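All remarks here apply to the structure that follows.
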C-alpha cells in the first residue's frame, strides 16, 4: 500500500498546475462567456507534451502512466473544465483505442500526431437515438472495394469540427445489431462526405465544442478499420471505461477549484464582525467538501492505477466517475452557497464551476448507467 | 567593440587565489572603536541631490546624536562641491566630496572606489545609503569589498540598547515579516534605507560644517562599463519613489484604456501613475510603473488604489504610504483592510468625478 | 559563450504565513520554488545561447533538496548544474553566500557572463549578484531588461527610475535581471523527465578552497536579532454613500479636513 505519487507524477502535477494557472485559468471566464474554443492552448499543450502523457515515446508520447494523465486532467480542469474535457476526449477516447487496437501502421500514422499534439482527436459513438442505449445505433458502413462507405449522424461530438482525427462507430452488419455488428473507423477531417451540423449551445463547459457529425456516402479507406469488423462494441465499451477516469479527474479538478475558492472567500468575507469561516455552519460545510474531494481523488487515482497496471478497471472507473461527479455537483453547489449572492453572480467564478460540473454526471455514461455497470460487476 | 575587462584593479584578488579582499579581519575586534560617526551617502542625479539623501540626514542625525558622534555626508559627482552647503544646512557636520569628470555618470566601478576611499579616510561606524536603483547597486559592491555586513532596504533604524549597535529593521518574505539585524563584529555597519521613510529635515542656514575634498583615485581602466545612452520611458517626474501622489490601477479597471483616467487624476494632483503586477503582466502599462514586491517600493503622501484587490505582494510595495485610498467594486477586497478611506464602487465612474472636483478645489 | 546562472530555491512567499504567537514563519507545506527572477535569468541565458552557442551552467547554494530547483532549470534547457551544499554553509548571510558562490563559479573552467535574478523573493536583499561580481573582480550591471552580446562585449539596458540606461561592458560580466526581460519558458514533460535522470554535481564547502575560510554563519557579518509581524495599518473607514458623487464629496471633505488636499 503506497499513497504517495512518484517523483515523476509529482513533477507532472507541478508542471501542469503552473502552466494551467498561467495560461489556461486567466482566460477561462472569457472563453466561457464567448464560447471560444482554445485551439491555440491545445497547440501549446501539445508541444508541452500534455496530450500524449500515457503513450510510449516511440509514438510521440511522454511514456508516463494513466495516473500522470489523470493528474494532468485534474489540474487542467481546475483551471478550465472545458479545456479539461477536450484533453480527456483527445487522450482517452481517441488516442487510446488507436493505441490499444490499432495496427502498427495506424499507430504511426494517427497516434503519433495525436500524442505529439499536432492533431486533435475526437470520438463519435452517440447518435440521436442511441445515447445510454447503444442498441438504437443506426450509422452504417458498407464495404466497397478497399473503402467503407459511411452514412449516418453522430451528435454531442466533443472536439467535433476542431478535431483532425475521429474514431467513429458504425454498423458493418446491420442484421447482427450493434453488439456484434458494429465496427470502429478512423476518419480524418476533410474526408469527402464528412461534414458538420449544428454546434450545441450548452449550460456549461461552454468553451468546449460539441457538434453534430454528418456522414453522407463518406468513403473511408479500409485500412482505417480499427481492429476487426464486429469488434466495435467491445472497443467502444473498453474505451469508455478509460474515458470515465478522465471525466472523474475532470470532476475532481472542478470540485477542488470550488473548494479552494470557497476556503479563501470564507476567510476573507466578514459578516457579524468576523470571517464567515469562523461560523460553524460554514466551516463544517468546508470540512465536508474537502473530505469529499479527497475521497473522489483517491477513487480516481486508484482506477487510473489499475489501468496503468493492467488490472481490471471497468468497475473502478465507473465508481470513480459516478462518485466524483456526484460530489463535485454537491461541492460546487455548496461553494455557490458559501459565496451567497456573489456566488450567483457571473463576476465570481463559482457559478461557472457549478454549470460546468453538471455534465460530468451525464456524459461518458450517465451516473445511472454507471450504477448499472457497478451492479453488473458485483452481482455477477 | 572590444572592451577588455580588467579584473586586477579592484576587488577580485580572491580570483588570483590570494586571501579574499578586505576579508573583514582588519576591521574586526580590537579596532572596532576606531570606527566612529555616521556617514550618509547623498545621491545626486545630474547635479541635483535626491530627496533620499536629505531624508537619511535626519535618520543619520538621530543615530549620530544617540551615539554621541559626528554625522558626515558623502557626495560623488562631476561638479558637486556646490551641493555641500545644502547638506550642512540639513544636519551634516562634515561633507566629503569626491569630484571629477569620471563621476559624471553613475558607474558601479567608479563610485565604489570613491566610497571605499572615503570610508577608508573617515572610518565611520555606520554608513547609510538610499535604497534607490543606484544605491542598491553600489552598496553591496562596497560592503563586499570592505568585508562587512549590509542590511538592505531598511524601513526603520535604531540603536540596540544592549550593544549600542545600529539596529536595522527591514521587511522580508514579501512584507510578511519584519527582521531586525545587527552587524556586531564588522565595520562599518552598512545599510540601504528606503526613500520616503524619514522626513526631510528643515534647512538651517546658520549651521556650519567642514567640506573635505577627497582626491579621486579612479584610474583609467578602473571603470569597466560605459553609459551609452539614457532613455526616459515616462515623462520626467514619473519617478514613483519620489512621488507625493500616486494613482495606481489594477485589473479591476477592466482594460488599458482606463489608465487615461488615472493619468488625469495624477496630472491634477501633480502625481504619478502606478500599477499592480497583474496589469503590467497583461501589458496594459510598462513595467516602470509597477508597485509592489517585484516592482517599486513607494511611500507617497496619498496613494490611490483603483481596481487593485490588494495582494500581499502589492501591499509590500505601498503600505508605508501616508494615506491610502481604495476604490474597488468588491467590498471584500483585502485592499480595504489597509486603506484609510475606501469607496465601494466602479473606479471608471468615480475617477472622473474625483478629478473634476479636485480640479475645482485646487483652482479656487 | 559560457554562461553561468545563479539561482535560489525559495519558499513560495504567496503561501507563507507568519505566526505572531510564536514569532515564527510557518513554512510547513509551503512549496519550494525557483526564485521567479532567477527563472528570468535562466531564460535570458537560454536565449543568448540559442543565438551565440555555448553552454549554460546553473549554480545554486542550498540544502540537498535545492537539487529540485536545479532540475527545473535543466528541464528548461540549461546544460549543467552545480549544487553547493554543506552543513558548514548554513546560516550564511549575503556576503558569505556571495563568497561561496563566487568560489564555486571560479572552479568552473570558464565563465563569460554570469546572470542572476535581481533579488530573491524571500530575503529581497538584491546583494548576492553584486557580491559575486566583487569577489570575482568583474564588472556588474544590475536590474537589466535587455542583453545583447557582440563578440567580446555586452550591451545591456539597465532599468532606472524613469526609464533605462544603455550600458556597454566587456566580459566577463555579471548582470542581474528583472522580470521585464522575458517570459520564462515552461519545461516540457519530456525535458522534465530527462532532467530527473540528470546527475547533478554537489560541491562541499571544503571544495570551495581557501577563498571561503569561514563559510556559513561564522563568516556572516549580519546577525538577525529578532523577527516580528509588521504592525497592521489601522483599519480605515469605508465611505457609505448613496451615489458615486456623494462618495466622492465625502472623501474630499475628509481629505481637506486632514489638510492633505
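Labels for the chains are A, B and C, by order of writing; each one numbers its residues from 1.
Throughout what follows, contacts are C-beta pairs under 8 Å (C-beta built on N, C-alpha and C of every residue); 3 or more make two chains touch, one makes a residue touch a chain.
Being a predicted model, the structure only gives us computed values, none of them experimental.
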Determine which two chains are connected by the greatest number of contacting C-beta pairs. B-C
Reported most central chain by Cα centroids is C
Roughly how far is chain A from chain B, going centre to centre by Cα mean, in whole Å? 54
Rounded Å distance between chain A and chain C, as computed from the means of their C-alpha atoms: 40
Whole-Å gap separating chain B and chain C, where each centre is the average of the chain's CA atoms: 19
Touching two or more other chains, which residues of chain B qualify? none
Shared-contact residues (touching 2 or more other chains) in chain C: none
Which of the residues in chain A end up touching chain C in this complex? 7-8, 11-12, 14-15, 18-19, 22, 47-50, 53, 57, 62-64
Please output the residues of chain C touching chain B within their complex, sorted ascending. 11, 13-14, 16-18, 25, 36-37, 93-95, 98-99, 102-103, 106, 121-131, 133-143, 145, 150-153, 155, 157-173, 178-180, 210-213, 219-230, 233, 235-239, 241, 244-245, 247-249, 251-252, 254-256, 258, 260-261
With touch defined as at the start, can you tell me which chain C residues reach chain A in the complex? 31, 186-190, 192-193, 196
Touch list for chain B against partner chain A, complex: 329, 332, 334
Spell out the part of chain B that touches chain C in their complex, as residue ranges. 1-5, 7-15, 17, 19-21, 23-24, 108-109, 132-133, 136-137, 139-141, 143-145, 147-153, 160, 167, 171-186, 224-234, 236, 238-242, 269, 287-288, 293-294, 301-302, 311-313, 319, 322-325, 331, 336-346, 349-350, 353-354, 357-358, 361-362
